[in-house]
Amino acid sequence: MNPIMNQDPAAPSSTPAPAPPPRAAAKPVALSVRDLRAGYAGGAAVLKGVSLDISERRVTAIIGPSGCGKSTLIRCLNRLHEALPGAFCDGQIMLGGRSVLDWDPVLLRREVGMVFQRPNPFPTMNIFDNVAAGLTLNGERDRAKIAERVESSLRRAALWDEVKDKLKSPGTGLSGGQQQRLCIARALAVEPRVLLMDEPCSALDPVATARIEELLLEIKETLTVVIVTHNMQQAARVSEYTAFMLSGELVEFGPTQGLFTKPADKRTEDYVTGRFG
Amino acid sequence: MNSSYARRRRVNALMLALTALCAAVSASVLLGILGYIAWRGASSLSWAFLTRLPAPVGETGGGIANAIVGSAKVVGTAALLGIPVGVASGLYLAEYGRRGRFGFLVRYAADVMNGVPSIVIGLFAYALVVMPMKRFSALSGSVALALIMIPVVLRSTEDFVGQVPGTIREAALALGVPRWKAVAFVVLPTARRGILTASLLALSRAAGETAPLIFTSFGSPYWDQGLLNPIATLPQTLYNYAISPYEDWHRQAWAAALVLMLFVLAVNASARLWLRPPQGSSS
Amino acid sequence: MGCAAPVIPPPTGRGRARVPGPRERAGDAFFRRALAVAASLILLVALALAWQLASASRQTWTSLGPAFLWRTGWNPVDDSFGALPFLYGTAVTSALAMLIALPLGVGSAIFLTELAPRRAAQALSFAVELLAAVPSVILGLMGVFLLVPAVRAVEPPLSRALGFLPLFRGAPYGVGLLSAGLILAVMILPYITAISREVLLTVPRPLKEGMHALGATRWEVVRGVCLPYARTGIAGAAFLALGRALGETMAVTMVIGNAPTISASLFSPAYTMSAVIANELAEAAGDAHLSALIAVGLTLFALTVVINGLARLLIYRLENRS
């Protein structure tokens, strides 16, 4: 249904990868990042050449102290970073064998969805319209299809049972955790291949956090998740792969268990054992 | 020490009492105006007054129905001309013109226009519309009032759109929505309450304007005859009656004042009360 | 743009080239340009306003030059035009209004922010905002039938008490500079109160508490901390109010007496720039008269632009501080 989906994912890229990944993932690669540099208006680079491969249908966590560039990194993946005035981004990001910089950012973002730090349902829309927003704003008119997609997305976000009787009430009336799951449903309704999550639980209480972690385990069956978190336990619980970043550089990247139990780098060890600082 | 403290206490009490007196004077001026108009106007207000045409000069009786309809037309047309332009330019400033020369110039021009006396705006509408067409017209009055409304709506739209959290904008973009749709269908509706309020306030101000209408819409004793002909408006009819030598017209001026004031204050007050946001809607 | 050659995508070295989806990009550009067109309208209007007024009053400026501003005769019948009486009337009425409204407004604002219980302050502020919304023609009506007779009654005793000053001499007409100044004061009072109140609300609490902790009385805190802190903003409010007073038309026209004379007495009828335009434009006697009236309008426009420019400057500076 989406023209982009029909493209041959194996199409050769126009440029060869400049460097091998630090540690190749075992699974097929969903996103491959090479030598990514990025920064903000009038400032030095926040990302200083990051390369990593993100495996398909796995959860990849990005951890690191605040200011290390982890949010900037995932905001480059759906090119939301460059929507900020003066922000710059250089390097190569491949999605399905094609550089994301060759995509129209608008179409790219339908493939690479995002959930933000604070729940941000559209305040003028009810629950149904919030979930349907990605479809209706892009011109989908088929009501039956929209309704079906809203229900399935709410089910995948584990919110359907709680809201099915009040789909017409405002999304901002839900609790914080429900709002965040509503935002997840809204992102899923567009049927992206990749879901980026920028500290999705930092504004939530432990119970709401646990629910989101649970549903992550389910949705990764069908899509690739990249989650930025400042919470190492969360990374350990939900992810297969973890990347540790420090001052705009990727220090270490590998299977989560290995990174937490036998870190190869001293700095990683200091960070995961809490001796950082 | 003690006597100096007592003196300070006395100064304190005196000055604070003076400020209270200031506030009392300000408030009583308003109440006095409202009360007096209500008293003088109510005695002359009648159904016939609201539904009849003015009586010929020299005869008593008659009404201001044509002026009420005329005001509605002139102000309504002004709103149709002015509000979309004000909203669109305010949206431009908030979304694309926060920095840069063009944005600054537009913002400055709006502030200047906001301070330009309404009579000068009327003069401009006269030179722009009346002189080339060689006739007074409802349209020229509407243009003048629209020019009065635009800067108000523009600056408020800019403010309210600017207050929409960036995360709302980003959430829409992250869904793969083109930027213009994100702005038009997500950001703008989020600010709609404030924009609507500002538009109502601008409308209530335009409805009471008299100066720019004297030599644009000009006035007329008849029913409205289309946008290209002179038309009666409520404030201007009130003005003509007030400065006339006839006792009966003075009486009608008070009644017209009551009608005008009720309309202006009702729109104004309800817009202000409505603007107060429900708790927790802004973050 | 009539290039017929097929568009060859630029080389995608390091993946920097962007091949936009045709529909979205075009929509974004169109939307932005449409909004920019609307935004440029206000800019065009401001420029066109100045240009129109200048060109429509050219006849006056070429025949009289700047002397138009300090000539005194105004007699359309024999084509004699001088704007000084209007400048004088505008200046005196505005000054009188500021003299009355500034202390009253700032005083009210102090009461509203520092003294009144929150509920009362809210209700009073609301009333002040409503007062600002009362159409000026209604205030003029009040002026004609209420204020003018009152002033007429007050003038003789005032003259007996203060008649040694030329300001308070003359026949009690009722209509004149005094009535106009009073009604203008009522008109600008809400602006001064509302803006001063907003400025006073921004005074940081710790500053005030620090002074209280030193044992200062409330008034001493207001004088020592609040007013100095809010000075710039109150000056901005004053300039904005002055801009309004200079251009205010209807209420003034109805009570000033409309006589193009210059007199030292506040009791004497006078004329303002806006009033003469309101009264004479629709029935201008000829091209010279029309041109002179528009020249008065241009002068008024220039004056308010300068005053408002100053006010904006003060307020922008204030915004940068906070």
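So that you can tell them apart, the chains are marked A, B and C in the order they are listed, and the count of residues begins at 1 in each.
Note that in this section a contact is a pair of C-beta atoms (placed from the backbone, for glycine too) under 8 Å apart; a residue touches a chain by one contact, two chains touch by 3 or more.
All figures in this text were calculated on a predicted structure; none of them were measured in a lab.
Interface comparison, A-B versus B-C: the higher number of contacting C-beta pairs is recorded for B-C. Ranking all chains by how far their C-alpha centres lie from the centre of chain A, first place goes to C. Nearest to the global CA centroid, when each chain is reduced to the mean of its CA atoms, is chain B. Centres computed as Cα averages put chain A at a distance of 53 Å from chain C. Mean C-alpha position of chain A lies 48 Å from that of chain B.
Between chain B and chain C, the centres computed from C-alpha atoms are 15 Å apart.
Looking at chain C, residues 24 sit in touch with two or more other chains. Chain contacts: chain B has residues 178-179, 181 touching two or more partner chains. Chain A has residues 106-107 in contact with two or more other chains.
Interface residues of chain C facing chain B in the complex, by the touch rule stated above, are 23-24, 27-28, 30-32, 34-36, 38-43, 45-49, 52-53, 56, 103-108, 110-112, 114-116, 124, 126-131, 133-142, 144-146, 186, 189-190, 193, 217-220, 222-223, 240, 243-244, 246-250, 254, 274, 277-278, 281-282, 294, 297, 300-301, 304-305, 307-309, 311-312. Considering their complex, residues 98-99, 165, 167-168, 170-179, 181-182, 185-186, 189-190, 192, 281, 283 of chain B touch chain A.
By the touch criterion stated above, chain A contacts chain B in their complex at residues 78, 80, 83, 85, 106-111, 113-114, 116-118, 120-124, 133-134, 137-138, 172, 183, 186-187, 190.
Taken together, the chain B residues at the contact with chain C in this complex read 8-9, 11-12, 15-16, 18-23, 25-27, 29-31, 33, 36-37, 84-85, 88-89, 91-93, 95-97, 102, 105-106, 108-121, 123-124, 126-128, 131, 136, 147, 150-151, 154, 178-181, 183-184, 201, 204-205, 207-211, 214-215, 218, 235-236, 238-239, 242-243, 250, 253-254, 257, 260-261, 264-265, 268-269, 272.
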